[in-house]
Structures are given as structure tokens and as C-alpha cells.
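You will see two complexes here that share chain A, one where it goes with chain B and one where it goes with chain C.
Moving on, here comes the complex of A and B:
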């Protein structure tokens, strides 16, 4: 099966985190990627384009600058090839930098994760949606040409997500970019920790971790990663962190606590969407049937099984320390949201691991309310019946690493 | 006979889940023309796990499943509405050549919540 040549990924098993070029990377699927972007863009009181683009430029610039040094890419052609390889390997689609010079140029591509995802999820877009790619190209150009971050402006005049468009186009000019420039924070501070005990004899969590991380989950010739029944990306933890937290801070700056009260549920719901589609897809996948299903006996095993897979996604070390149909407790060490928040902004004043909060509730809703064991179709109607009914499970933060606690944890129970 | 249950992957491509009368083995997969096969040796990592496979027939379809299992999932590469009968017939011929019989296509309920065959997935997956 054709795949992109491998890259020097650091698999930090002790922390259940993954790094490439110093940037923490995490698996997420297209449902989460597009839902999160749309949730941010739909908040019209926030000018989000500058940070949606700027956050991508931040991580691409930091990662490629590091990789160029690491791989000793001294000439421009090697650097361009490296950038193309990283982008495709990550599952974002394909890019061809060969038509760009130090002064810029025009780049087009027939393969875009964000555009294809938007189309699949919501139909034709009314404006270009590949803001991540725009920022990524800008950051990559700075890294390739040894220029400071923000030296390249990228316009995105046409997009595959729009009706009648065959390619995404990006106009790159060597003029100051208009996006927000952020300083990359890299891995952040991780904890020295051991695993918390969890009550499950049937799931071999360590074996599942080793099996999943041994799989070649990398972009194919079209820069796509179809696996577990979904389309995955090796995305940047600090991209998600930056765009979510910038949205939150912007709302708080404008409206105080009321702004926070508006934004927090949106970010938690993005976690629900992630769980529903990604975890639901995983639990219905042929990979699940082969690796995990043979050892499962009880609904609680299903919870522990999906948690074992989550540990392979680079999100930190997840454990369900208590599980029943009535409630569960999830303990997460080095969750990427908390680690990222502290590195970017210092200690948080409130729990802010929204993806983890939504995902923990999502697991319980899938297993105990949605009977994922019977392979239901993951339709929008089914989503609403699981997450918007009076007896849905919801997660309440107990501890927050972002606030300085030793771990992040949640209690999940029916509302 | 093979039962095929229609579904949809998350990018609107047609995905069929074929419940086979006999377990899938390496010989069957290697007999699929132009297939690029990838094996994930899960049994090396987890006791009781089955080895998983992905077989890509470029521009046509992706086959996944467990070695020793009786379920094949095939995702047809084209958009759901434009999957040509030719692709489906191509797969049917592969099953026929392997002596597995004909394919019976099963619909879902109109609201799409459950598979109406009531097939027990664990029984179907067990060798």
C-alpha cells in the first residue's frame, strides 16, 4: 500500500504523547477538525481568521524549522520536499511547493483534508475553508527560506469545498502577513507519573497501545489517512489549543464570565462530536473487531477498550478508574489541553480540558446509552438522541492539570 | 451465500459489510487482482487478537477485515451515488471464484439506526 516516507516521530510511551519536530501531535478525525473550526467561525462576535491562520503558521514554522535542522536540509529543494512530506504524512492533503520562490507564487492542490471534510459534513461551503492550510503554507515558507514567522502573506481565493471548484488555490506573497503571530511553546512541561490502577482484566491496555502505535497510520498518495472507519490527521495539539483558548479569551475579554459561559459549551460539544464520530467509528471498525472485540465481555470492557485506544492517540495517559452504567471517573495525565494551556498562558483559573471533558462523556453515551455494541449508524439524528436528551451523560471536572493539580479528572454521570 | 449490509463511511462513500460463509485467509486475499495488501499483526501484541488486513485496489475499493474472521468491509472509492455496478460485480466475481456463493444485499431501516438483519456481530466475526 503506497504511503508517504516516514518521518522522525518521537513516541513518548511514558506520557502517551507523540512529537514531530518538537511539536506535540495528536490524532483527530475530520469531524472534529471541521466542527471545531466551524464552531469558532460561527461565533460572529469574534474575529477568528487571524488566529485560525496564525495558529497554523505558528506550529508549521516551529516544526519545520526544527525538522530542517534535524534532517540537515541545507538547500531549498530539500526543504520544500520535507514540507510536502510532513503535510501529506499528516493527512492534510497534498501541497506542491515547486512553483513557489522566495518571493512567493501560486500553489494549487486537488487534495485537501479540510475542504473534503467540510463538503462531506455540511455540503458546499460559501467561502474558502482551508484557513489551516493558508497558515501552514505561510509558516512553511518562512521556515524554508530562513525568514521570520509572518513574512509571507497567503490568500486563499478558491477552495475545493466550494461548488464547481476542482482545486484549492493559494496566492503567496513575500509581504507581512495579517494574521496573529504566536510564539510556539512546543511540548510543555510533562509530569513524572505512573499509571493509575483501573478495574479491568479483559483489556490488555499496554498491548493495545503497542499494536495501534505499530500501525502505519500515515498519509497515502493523496495525503489521506483512512483508518478506523474515519479519516484521521496527525494534527498539532498546539493548533487546537491555540484556536480554542484564543476563542475563549477573546470572549472573556469582550463579555467577562458570560463570554466564558457561551464558549465553554461549544468547545465541550466539539469533544462530544469527536467522541461520537471518532470513537464511534473506531468501535465499529474492522481494526476494533480484530484487536479489541475478541477480549470484550461487558459494557465496562468496552469503555476500557476505547480508553486503551485513546492512549494511542497522543492525547496523554487516559484511565477509567471507576466504571459502571451509573457513573465513571476518568483520570488523564499530561492531557494535551492542560499542558498546552500552561505553556501558552500560565496556570488556568478554571478547568479547560474541554476536548477531554466532551470525549469522556461521549464514551459513556456511546456505550451505555447508544449501545455502540450493536453497530448503530452514526447519523446526526443519533447524535442528537445521545447528547441532547434529558438523560444524557455529562462530564464534570474534578481536577485540572491546567490549574496546577497533579492530574485532570472527570466524573461522568447522567445529567 | 454472502449477506452484504450497506452503510456509508464518514466521507459519503459507499461501504458494504459482507458476512461470509467461511473465514478469510491469506490465500483468498492474495487472489484478489491488483490488490496491495497490508497485514497488521495484532496477535503479536494482544493475546486472543486476530491479525487485521487492509487491501487496496487502487481507484476502486479498500477491503478491511480480520484474518480468520468472516466479515469483510469494502469501502468503494467513488462517491456513494456514482459507484458503478461494475465495481460491485467485480467483487461478486471474486467471491464466486472463491466458492463463497452469491451476494444478497440487505437494506437498513429507513431511519438508519440499526441493521435489520439482526446479525450478531460477534458471531459473525468469530472464526
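Moving on, here comes the complex of A and C:
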């Protein structure tokens, strides 16, 4: 176990997964976070607030309960401080629990990842957007006060994402919460595996992994992690899993296969958005220039280079086992979506690693279609040119760990 | 109303952002399925009620950020 900035983060290099307080954590940026939430809220036929809030309560409660035990935080002040530290370290903003008692109270903050991101990406919101934070506070309060999950109700009457608002506000009461209560599944079942060989001698994957996981990518005084042109978060894999899969299941329950067919493209598109902004930003960064770019000779090397970085994000072990400008095969072991699906719902009936599917296609579009090597600006127009045209790369699932296969894999080719 | 829905979707493809049509599909899913219409399979021959067409046109205009021509 390696301690990073006084939090006991477990870097599981064998599985390329990261854990804090037993919860798998993954890097994702503000583009992905807001795009995913908006996609879910677009489905007006789904009552999504209960699971958008409940999923956050689930992971916060599980993680903090574990950390409180692990760190032996016996008094309330230490527990509150720990919760505040985890939240800001993760890049979610800042919270101050000092004004809350066991019966609740009002908490306000001038720093919120979701609110700032929403405002920057979509403009002023017409309703409060910090549903994640509402759930997180509820789960944290239960952990701090040794109460069961769901014992704290959190209202979010004002939000920085809305016009004319200076702070996010949360009213906390010790009354039963109205969100959906989920049982946390933690790490799930990971596989014993070796790395698949991949055809590239110009990328030192282990060196990249060690270098990137050693970078101080943690929240600053405002609880932000500005890096690579985006705002990163150490987010919860099982939060993403829960909200995405709950949306999917709700749509299927109501509309069968058509519900699934409508939701899936939105979840894959979120992966495109992620790859474009985060991977694009990484491949234009000074860190990339210093650490990885000097040894890269071909576009294929660039694919392997960014895949080496992806291995440092906690998403599982990624490999591009075959790469050319015509097509590529990506093999992912212990991808967090599949592992989470199986732990939450059992074996899937269809491939459901949507983030990975979109991200794999995004890599190919950035390298072969977008010539990221020439350092283009990552503008909305550039995004459109990469993903809208009829010759864009798209990923097709070949294997799915969620369905019981040994790995998750995709073939990526031009449509 | 044959062909009108097809025109709206084509207009969205040409003027909207990547994924706007996917957003439209999820926003109006309950209404389209009531008329057994699958937006991913709309052709020039697809017919729908004027109420549904109006709703879809409004939603398309909102997503693209400009009025969808009638």
C-alpha cells in the first residue's frame, strides 16, 4: 500500500486498478462527468435523481466507513476532517462539515466541480446540478455519525451552476433520505492475468505507468485538479457504473430493446467525449512531450503511448494488440465497467463497457483522423470533424468480461 | 406527413452537434414508441401524427439552438 498525500491509496499495479477505502477509483475529467449526467437527465421518462444521488451516497458511505476504521478516527472532528480531505483530494471541490451536527444543518461551499464544470460546458443551469455532492454528503454524514446509509436527507436549494449564485447550499436533516439505497460492491472480482504482448518497442509501458501514477494529481486548495487542459477527478468507478447501468436498466424495463438501443449510443458518446478531451489534452501536454513523445516514431507508437497512459488511470489493464491506420484491436483486462456490472447485477446479457468502447474509438480518431501529433486545438469544431463524419472510427465489442468472457475487447475500424 | 420527420432528422444531422440526434431519441422515446416509430429507422416514407412531428421539431430546435424549418 502506498500513501499519497496522506490518504491510503492502494495502487494495484497487477490489475491497473486503484482503490481508496475499498472503493475502486478512476480518473475522469469534467467533460465526461457533466456529459454523462446530462445524458442521463435527458431521459425524462426516467426518475434519475434517486439513483444519481443514491449512487453517490453508496460509494461515499462505503469508502468513508472503511477509511474511518482504517485510520482509526474515533472522534467526530477527525471523521469530519477526513471526509473533507477525501472530497477535496478527489477534485470534487471543498466541503466544510464543521457547521453540521448529528441532527444536520446547512452547509455551503464556493467550490464545486460539478457546478463549475456544468457552467463552463453548458452555461447556466436551470436547476441545481450537484446531485453527486448531495448524495456524497448524505453518505458521509452516515459514516461520520455511525448511522445507517439513508439516515440523512439532503436538499440542494441553490447551486453555483445557476445564474446569480455565489455558493452551493445543502440542507441536511436527520430524516430518511428519499434516494435509492444501493449496497456497495467494492472492488468486485478481478482476474489473475498476465499482460498481453503488444507490438511496440518504442513505449516503455511500465515506465509510463510508474511515472504517471507518481504525478501529484490531487485536489488543490479549492478542491480542483487542473491538468492536461481539463479538470480531473479521482472519481468512483462504481458511481459511474451504477448511474449508467441504472439508466440502461430503467430504459430496458420500460421500452425493451428499443430502450437499450437509445441509451447505448449516449454512453458510448460519453466515451468519445472523454477520449477527445482528456487523451487529446494529455497528448498535447508538456508531460507527454517530456516523458513519452521523444521515443515515438509512428502513429502506431502514439496509440501505444496513450494506451500506456490509460493504464495509469485506474481503468484496468489496456493493451492495443494490433494497430494500423485501417483497424486496431484493444484488449482490456479487469475493465471497471465489466467488473462493476458483474458485482452489481451478475453476468450481463450484452457487452456494456461503453466508456471503454467510446474511448478506444476516440484514440484512433485522435491519432489517425485528427493527427493529434500536429497539436491541433481541441475545439468543438475539431470534435465534430472527428466524430461526425462518415469515415470516423467506431469500436465494435468482440468480447465482454461483463458477459463472462476472459477479457473485454474491441475491434476499431472506420465505419 | 410522410417525409417530414425524415427532413427534421436530416436538418439536425446537418446543423446540430455530434450526438444531438441521439439526445433527441432519448428525449422523445415514449412518444415515438406510442406511434411505433423508431427514430433510428426513419425513412422518407415514415409517417407520424402532426402532434408528434410538432413535439419532435420543438425538441430538435431546442437541442440545435435554432428553429427547425417547417
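One rule holds for everything that comes next: the second predicted complex is superposed on the first by the 410 of 415 C-alpha atoms of A that agree within 3 Å, B and C clash if a C-alpha of one lies under 4 Å from a C-alpha of the other, contacts with A are read in each partner's own complex, and residues count from 1 in each chain.
Convention: a contact is a pair of C-beta atoms (placed from the backbone, for glycine too) under 8 Å apart; a residue touches a chain by one contact, two chains touch by 3 or more.
Fair warning: this is a prediction, and the values are worked out from it, not measured in the lab.
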When both partners are placed on the shared chain, which of chain B and chain C touches more of chain A: B
First (chain B), second (chain C), both or neither touched by A:152: neither
Touched partner set for A:45, first chain B, second chain C, both or neither: second
First, second, both or neither for A:31, with chain B first and chain C second: first
Partner chain(s) touched by A:393 [first = chain B, second = chain C, both, neither]: neither
Touched partner set for A:89, first chain B, second chain C, both or neither: neither
Partner chain(s) touched by A:19 [first = chain B, second = chain C, both, neither]: neither
First (chain B), second (chain C), both or neither touched by A:287: first
Overlap of the chain B and chain C footprints on chain A, listed as residue numbers: none
Chain A - residues contacting chain C, complex: 39, 42-45, 251, 254-255, 258-259, 261-263, 265-266, 269, 272, 380, 383-384, 387-388
Touching residues on chain B, where the partner in the complex is chain A: 7-12, 36-38, 40, 42, 44-52, 54, 56, 62, 64-66, 69, 71, 73, 75, 108, 111-115, 121-122, 125
Complex contacts: residues of chain C adjacent to chain A: 17-19, 22-23, 25-27, 29-30, 33, 38, 40
Partner chain B, residues of chain A touching it in the complex: 1-2, 29-31, 116-117, 120, 204, 207-208, 210-211, 214-216, 226, 229-231, 277, 281, 285-287, 289-295, 373-379, 381-382
